[in-house]
Structure formats: structure tokens, C-alpha cells
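Structures follow.
What follows is chain A paired twice: with chain B in the first complex and chain C in the second.
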Partner chain A sequence: MTGTRAGWGFVAPALIWTLAFFVLPFAVMGAMSLATLDGRTLVWGLSLSNYAELAEKAYLWRAVVVSLEITLTVTALSVLLAYPLAWIIAYRVPERWQRLALLLAILPFWTSYVVRSYAWLLVLSREGVVNQALIGLGLTAEPVTLANTRLATVTGFVHFFVMLLTLTIYANLRQLSPNYRRAAMDLGANAVQTFRHVILPLTLPGIVTGAFLTFVLCIGDYITPQILGGNTELTVPQVIMVQLGRRADFPLASALALVLMALVTLAYLAGARWLRVDRL
Partner chain B sequence: MSRAIPWAYLALMFGFIYLPVGALVLFSFQDGTLPVPPFEGPSLRWYADVLGDEDLTAALLNSLLVAVGSSAVAVTLGFLAAYGLARFVLPGAALLRALLIAPMTVSYLIVGLGLLIVIQRIGLPLSLLTAGIGHAVINLPLAFAIIYASMGGQQQNAERAARDLGAGEIAVLRLVTVPMLAPAILAAFFLSVTLSWDEFIVAFLLTRFDVTLPVEIWSMLRSGLSPRLNAIGSVVFLISVAAVVLAELLVFRRRR
Partner chain C sequence: MILRTILGGTALACIAGAGAAQELNALVWCDHTDDALIEPFEQEHGVTVNLREYEGTGAALALLDQSRPGDWDVMVIDGIDVFRAVEAGYLAELPVDELPTGDFFPEVVMEANNVVDGKTYAVTEKFGYNTISFNSDKVDPADMDDLAAVWSEKYDGRLSIYDYYLPVMGLAAIAEGIPTAEIGADNLETIGGTLSDMRARAASVAGVVAAQTALATGEVDIVVGGGEWLTAVLAEERPELTWTIPEQGAVRWAQSIGVVEGSENPDLALEFVKYIVSPEGQARLATSSCFWGMPANARAGEILTDEQKAVLRWDDQPDYLSRTQLYPAPDADLDIEMQDLWLETLQQ
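Moving on to the complex of A and B:
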């Protein structure tokens, strides 16, 4: 019995911290989403009007659609680009260079998040490197608008998540015993068949876990769309920040935050069959 | 021909990965006032400009303070909880673990928004302290998970031996558990520091007058492209890479 009590003593600080600074704020935010604003005064209550606003106001609904479109595009593109890269590093690069190749492939991951988005703005701007290259190659006479578009947002996101996914997929591929590949080859499977029927199914849990992580981080991000997307179309986090700033509409912001959580939960349920949260 | 395809792909992807960082660092040495081609220079004027900027250096020190402080809290609480859950049989242990990990599954924006609402209700002023609390909340699950995962039977045997030899609970922790878990604790600490150092949204929502570096850089961004931003961005990149290399040398070399 004393053992149990001592155990609680060790867990208590972290537990109290999490309850006070995570669970309580979360509950208050939930209550806030059911409150309303009367002019500038907050009226607590059990009103669903903030959620109703989501259905009524086109720009709120549009933000949900934009967020989902961007996030799904980014997740799909990142997996498709990262998988071959991880594959090449794991199976083509000689053993002794692998660690270095992997380290180099994810080094820019450690650039500051804000700075990385700024760097893409620099590259994609009208006078930037990409436009100069396009003009130099004679592909276009006039600079193309690349910055402040959805394309720029997606590019910035994909750059970040390709590095993240390369790391997780590489770890997955290395965990596979080479015997599986050898056995498949011995039994007459060619490279494509080996991949489709052996490697892909075995690495699927890792891919889904990485894709889920990408989804969660991407849909909740404010910086990348704010810096790179311009203000032509807003994502949910951007709309939340607008509510907090200019209008100080905390009830609506809270309701939108909970909608964001609901989307993440849906994504989790969609991938639950393959997800290994303990590997995150 | 087909043998060359993987290498071409590798080169292409490395080009994509290094394009923004390359442009960032190259044009930080720009001699003109716009960080776009043609490149003039190299010049160190923007570095001198940035290092002489008091707002920026203050923000840099603030960031270090918040990163180290919040990571120390997160790692200490995470270690104690991991020890409690790994060594004692507690009712509802699975639920407790899930609760401690939960903040990891929620967007930083939502964690920050919840804290902001509560802090404003209580009437507490926004400061580096509130930003530090926010960072400790988002880093605690990570620290807990890393340390908990590395608590094995091997240490437990050593702990039992120490207890048999008459060591008290605190002495066991201090002389056996912590030293044996040092790699995991250090890894958790460094990861936590790098994440906090780089974190924007929670720091943006929870600070007011004294801000951290990402928030300061954010406000500089409003005035558009400038080699000053390239210079400070390159400095931040260098510091992060140094932290990663240090962590690699300290933590991962030791395992060999």
C-alpha cells in the first residue's frame, strides 16, 4: 500500500500540471464555445449559435474546406515524395554513408519554422530565384506569381513534411528484416511485386502513422498559410487568429478550435486500423 | 540508364530540400538592400546590423530562457511521472499514461488558445512566464514518453540491489536511476529545448511586451523581404544545427 502511495507521489506533479494547464483550459474553452458575445460583454450559457454560425456564414465554412483541401493535398504529396527518398537512402546508398545521407536530408528541418516559410517567400517572390531561373531558361518572359498563392502554401508545407516523413519511413524500412526481400526474390517475385506484396504492406502502419502526424500538424498550422498563402483564402487557424485579434470573439474562436479537433479525430478514426500511436 | 534514376531523384530531392535554406544563407551576405538575385557581395553588414539590434538580442536571450526553463520543468515532471508509472502498480495506470500523453495530440494553437482564455479570466499578465508554462505543457508528453520508453528491467535490478544495500528512495533515484537514464533524459531535454526555441504560436499568444525570437522575427516580417531577416534566420539555423550536433555527440555517441 505504501508502494502505491509513493507511486502517486511521483506521478502527482505531472498529473496536477496537466490537469491545471491542459485539461482545465480545455474545459473552459469548451464552455467558452457555448457562450455568446453581447456587444463586447461575454454571456456564459449553453448556446449553439457559434456552431450555427459555421453553417450560416460562407467564409467560415469555406475555411474548413480550404483547410481540408490543403491538408489532404500536402499529406498525399509528402508521402509520395518521401517514400522513394527514404527507399533510396535505405536500399541504394551504401551502408556507411546512410547515416550521413539521412542527417543531410533532414538538416533543414531544424531551421526555425517562421524562418523556413520566409525563405520560401524569398525563393518564390517575383524577383526570386525560381522566377529568375524560369526567365533565364526562356520558359517565361514575365515573372510568374508564385508567392501568396495556395501553391506556395502547399510547397512550404510539403518541404517540411517530406523531411519528417523521410525520417519515419526510413526508420520503418530499416526495421524490416532483409530476409523478407530475399525470400520474395527467391520465390521469383520481381522488384515491383516484392514492393507491392511484401514491403508496402509491412511499412503501411508506419506510413499511416506518419501521414496522420502530417495531417495533425498541417491542419493546425497558422504560420505557413499566413506567410506564404497571402490573404486570398483563409484556413481555419487563420480565421481563429482573426477572431482573437481584431474582434476579440473568443466564443467563436473556441468553437472553431473544437471543429479543428473534430477534424483531427475524424482523421484518426479513418486511419485507426493501421495507426500505432505508441510509435509517434 | 535505369540505374541512374534513383541517384537523379536523390539529387532532385536534395535540391528541393536545400533550395530555401541555400537562398536564405546566400542572400544573408547580400551587399544590397534586397535579398534576391543578382547576388552582390559577400558582405557582413547585415550580420553586424542584426547583432547590434537590441530588440533582437533581447528576444534571443528571452527564447533561450524560456526554452531552458520550460524544458527543465517538462523533463523533471516527465521523469518523475515515468518513474512512478514504471516502478509502482497504480490503479488506472493506462488512463494516467493516456492523460499525460494527450496534449501531444492537440494542435499547439488550441493549447495556446485554452491557456490564453484561462489566463485572461484569472487576470494574470501575459509574460515570458506564461509562454514558458505553455511550452512546458506541450513538451511534457514528449519528455514523459521518451523517458518512460527507456525504463527497462535492467535499471530496476540495479535499483533493487541499491535498496538491498540500504539506499533510501531518494538516494536510489539520485545515484542509480538518473545516471542510468542519463541518455534518455538528455535526449528529452535537448529535443524539448529545440522545440521550444522554435515554437511560435503559443509564444505569440502568451507573451506581450517581452517576446521570444520567433515572435520578434514574425513582427519583422511585416516590413517585407530584407537581408536582415536572412541574417537573423541564418544565425538561428546555425544555433539549431549546433544543438542537434551537440545532442548527437552527447547522447548517441555514448551508446556505442
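Moving on to the complex of A and C:
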């Protein structure tokens, strides 16, 4: 009995924290999503009208599609770029330089997210560094439209998330005993076969964990698409902000936020088999 | 009730010392956060003004919903939304005889907006225009005098649209010869057509900072919905970034200020409002580091320098005021339709 009480005592802080800062806000948001607005008056109830708007209003559904397309693109590109970088740091950089290499890899984290986004806007603008270089190299006569596009949004995201994924994959690679590679080589596997059949499967938890974090952070992000995308297409967080700004339509905003949570849950379920948070 | 209590507590936590003596809590736009505007009032009255910046009337009203009476003393609000705050019971009546509205530009006294059932609840403090900002080195200024030419093929991909549906749809309406006060469900289709044309030519739909950046970096040469508030702060360094009001006219914005109902410092709150609409306060507010705009009180002209008045186009105001219309003030249902149309257009 005393043991049970002590057990509750140990878990109580975490339980209270979870109840207060996850379960309760989630329940409030769920209840809010079933409410409606009558003019400016909030009417509590069990209406599904906010969810029905997703089907009725094409721009809302389109926002979900745009969010998913951008998030999946960013996640895939980030993994493809981060894995070789993490590999090089883990296996090609001398051990005494690895800490410095990691520090350099995450250096952009030290600047403000908003400032970094605006910096990208300047880099990608018609008179920015990229266009000046393209014109200087004779690859184009006129500036190319890069800013205020999906490409700009994806670039800003990938720049940020490659750093995150590099860390998770590097941590995973460093935990692998070199004996796995040696054993595979002893058994006659070449470098490609060793990577494909030994290293990759063993580092999958690190990849999936990093990819899931990328998915979660990317799909809910408002700043990057707002600054770099130029509102040429809207993501779900941008649409949520519009609902709140002037009309304070918290019911519809809550329904959209829950749709985002449902997408994150689906992503979790898809990767649950490999997800290993302890590899972070 | 639980939600209200929790959120109310959170809102309270955000403003240290809310309701304490000698402190004034004000819900404001960014132009009020300039020390040059606030410090003279604080020093004169020996008080601290706690400023909470917000964007969007909905966000401000939600914040008031979540607060307790007395948490807030002063509120800056979009002129067309004063009635919403009055309906919700968030604005207190102002003693009209203590306000210098007799010195105001007559067009911006805006009794239809600031007075409800014969009682004055707010007073206009600043105004300006949502019109056409442009780079005079890159476009033909004569083209900017015709709205249709602004979003013509000639400027394809060279314009940005200000990211707020009411003034931009107001401009679209004006381009179609529809007065902003007559925008309704029956003419949204026409406005939507113009909005689509505009959107098809635009490189971006940008907020204040993004639009300024786009214009300054040459990403775009025109900002539809821009005005003095967009380019005035750049006037000294980039005089080629300018603005005009086309022949068809443009949209006029106005912001009001009032005392929040239930304020624990109603006298101090009223003093703050009186300071803001005084010639000195008006001159400082007009040239705030966040954005410039015309002072409602014409006597601010006695304090502003000639250079500042030139940037604000002081001498052109009679002409501008006669050719501009207050931007649309839709009721709740029309607002939903306008916002839907705006978002549909952005997603095209």
C-alpha cells in the first residue's frame, strides 16, 4: 500500500503536468471545435459544422493538401541531405574534430528563426545573391522568381531541419558498434551491401525519429510559409491565423488545429514501429 | 467558465502588475510602442504605461473576453470596429466636451463610427490610406493613377498585395465603381473577378514588413493596398519609394482610441486618451517608428516639421480626403463571405 502511494507520488508531478498542459487544453480545443459562432457570441454545443466546412470550402481542403505536400517534401529532402552529412561527421571526420563539426552544423540554430527566414527572403529575392550569381555565371539573363514561392518555403524549412536530423542520425550512427561493419565485410559484403543491409536498417530508428520531429514541427509552422511563401498558397496554420485575426473564430480554428493533430497522429502511427525517442 | 478562468489567469500573467496603482494597461497597435510617444506621458504623470500589442480586432476582443474587468484601461481599435467593442460592452463613454475633435480634420471625426446611440465611445487618433505604393524609378508614375493599369499585364509579377482582405477588397470595389459602403453579397462576384485579376499579376501577398522588404529589395515594384504607412519610414533613405491615390480613389483607414469599460484608472485612462489626441501626442504618433500616418488633429501640423509634413503629404490632405472612402465595415455574415472569397482567391 505504501509502495503504491509512493509510486503515485513519483508519477504525480508528470501526471499533473500532462493533465494540465496536454489533456485539459486538448479537451478544451475539442469542445471548442464543436461549438459555433453566432455573430460574435460563442455557442457551445455538439455541432460538426466546423468539420463540415472542410468539405464545403475548397480553400480549407486545399490548405490541408498544401501543408501535407510541403511537409512530406521537406521531410524527404532533409533526410536525404542530413544522412550523408551525419555519416561524414561520424565516420570521415577525425574524432577530435567531430565536436567542432557538429557545432558548425548546428550554428544556424543560434540565430532567430524569424531573422533566418527574412535572411533567406533577401538571399532568394530578384536582386539577391542567388540571382546575382546565376546572372553572373550567364545561366540566366533575367532574375528568376525564387522568393515567395513554395521552393522558398521548402528551402527555409530544409535549412532548419537538416540540422535537426543530422543530430539525431549522428547520435544513432555513433551508437553503432564498428564490429557490425567489420563483420559484414568479413562475410564478403561490399560497402554498398553493408550500408543497405546492415547500417541503414540499424539507423532507421534515428532516421524515423528525426523525420517524425521534422513532420511535426513543419506541418504546424506558421512563420516560414508566411515569410518565404508570400501567401501564394496557404497552409493550415496560415488559415488558422486568418480565422483568429479579425473574426476570432476559435471554433473553426480549433477544428483545423485538430485536423493537424490527426495528421500528426497518422504520421506517428506510420512510423511507430521504428520510432525510438531514446535515440535522440 | 473554467476556460474563461484559466485563460483569464493566463492573460493576467502576461501583464505584470495589471490593475496596480500608477500603472496603465493599454491594448495597442505597434505605433504606440514607440518610447518617444509614451515616455513624455509617463514622465508627466509619474506612471508606467504597460503596452500590449495586438493584431486584428478579433484577437483584441478575445483577449478582453479572457480578462477580468479592470485588467485593461485603454484600447486602440480599428475605426470601423468600434461598434463591435461597444456591442460587447468593452468601451466606456467618453466626455466628448473634453476631446479636441473641433480641431480634427472634419472627415475623420467619424461620428458614425465612434458614437453609438448618441454616446461617444472612442475618438479617431490617426488615419491614412490603403492605396498604391510604388518605386518611381521602376514604374511609370502615370500608370499608377489608374487602378486597372496597376494590375495590367505590363506589371505582371511586379506587384505585391497587402495581406488584409478588407482594404484590398475595398480597392477592388472602387476599381469597379462600387462604393465601399455598398459592398454586399450581391456584388461580391464582381469584386472577386477584380481580385482574381489582381492576384494573377501578383508575386506575393505580403504583410507590412514583408511588403516593405519586397519593395525595398526590388522583389516587387508596386504594393497594392500600400500607402504612406508603408513607405514613409523609408522616405529619407529611399525617396523613390512613394505612393499615390489613383483617379478612381482609394481606401481610407482610421484607428480610434477609447477607455475600456471597468478600468480601475478611468481618470488616468482618459488623460492618456487626451494626451494621444493632443497636438503633441498626435505629432509623435504620426511619426512613430513603427509606421507613419496622418494625425486626426490638424493642430499637430503646428508641431510637425516641414519635412515630416512633406512626407505625410500634409498639403494634399483636402484632395485625398475628398477622393477616398472609408474601408468596408461588413457585418458578421458579410465578413465571413468576404474572408472566404479572399482565401479562395489566395489559394487559386
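One rule holds for everything that comes next: the second predicted complex is superposed on the first by the 253 of 280 C-alpha atoms of A that agree within 3 Å, B and C clash if a C-alpha of one lies under 4 Å from a C-alpha of the other, contacts with A are read in each partner's own complex, and residues count from 1 in each chain.
Going forward, a residue touches a chain if its C-beta (ideal position, glycine included) is under 8 Å from a C-beta of that chain, and two chains touch if they have at least 3 such contacts.
These figures come from a predicted structure and were not determined experimentally.
Chemist: If we overlay the two complexes on their shared chain A, which of chain B and chain C does A:Y59 touch? Say first, second, both or neither.
Modeler: It touches chain C, and chain B stays clear.
Chemist: Looking at chain A, does chain C or chain B touch more of its residues?
Modeler: Per-residue touch count on chain A favours B.
Chemist: Check the residue A:V74 against both partner chains and state whether it touches chain B (first), chain C (second), both, or neither.
Modeler: Touch status of A:V74: no partner.
Chemist: One more residue to check, A:V28. First (chain B), second (chain C), both or neither?
Modeler: Touch partners of A:V28: chain B and chain C.
Chemist: For A:A267, using the defined touch cut-off, is the partner it touches chain B, chain C, both, or neither? Pick first, second, both or neither.
Modeler: neither
Chemist: For A:I227, is the partner it touches chain B (first), chain C (second), both, or none of the two (neither)?
Modeler: both
Chemist: Of the partners chain B and chain C, which touch A:F250 in the superposed model: first, second, both, neither?
Modeler: Both partners.
Chemist: Looking at the overlay, what does A:T145 touch: chain B (first), chain C (second), both, or neither?
Modeler: It touches chain C, and chain B stays clear.
Chemist: Have a look at where A:L121 lands relative to chain B and chain C in the superposition and call it first, second, both or neither.
Modeler: Both partners.
Chemist: Kindly classify A:S112 by the partners it touches after superposition: chain B alone (first), chain C alone (second), both, or neither?
Modeler: first
Chemist: Would you tell me the residues on chain A in contact with chain B in one complex that are also in contact with chain C in the other?
Modeler: 24, 28, 118, 121-122, 125, 127-128, 227, 244, 250
Chemist: For chain C, which residues are in contact with chain A within the complex?
Modeler: The contact residues of chain C facing chain A are 3, 6, 55-59, 61-62, 84, 87-88, 157, 160, 163, 166, 203-207, 209-210, 213-214, 217-219, 332, 335-336, 339-340, 343-344, 346-347.
Chemist: Considering only the defined contacts, which chain B positions touch chain A in the complex?
Modeler: The contact residues of chain B facing chain A are 6-7, 9-10, 13-14, 16-21, 23-24, 27, 34-37, 73, 76-78, 80-81, 83-85, 87-91, 96, 99-100, 102-111, 113-118, 121, 133-134, 136-137, 140, 144, 169, 194, 197-201, 205, 213-214, 217-218, 221, 225, 229-230, 232-233, 236-237, 240-241, 243-244.
Chemist: Going by the contact rule at the top, pick out the chain A residues touching chain C in the complex.
Modeler: 24, 28, 37, 39-40, 57-59, 62-63, 66, 118, 121-122, 125-128, 145, 147-148, 226-227, 230-234, 239, 242, 244-250
Chemist: Touching residues of chain A toward chain B in the complex: what are they?
Modeler: 3-4, 6-11, 13-15, 17-18, 21-26, 28-29, 32, 81, 84-85, 88-89, 92-93, 104-105, 107-108, 110-116, 118-123, 125, 127-129, 132, 159, 162-163, 216-217, 219-223, 227, 237, 240, 244, 250, 253-254, 257, 260-261, 264, 268, 277, 280
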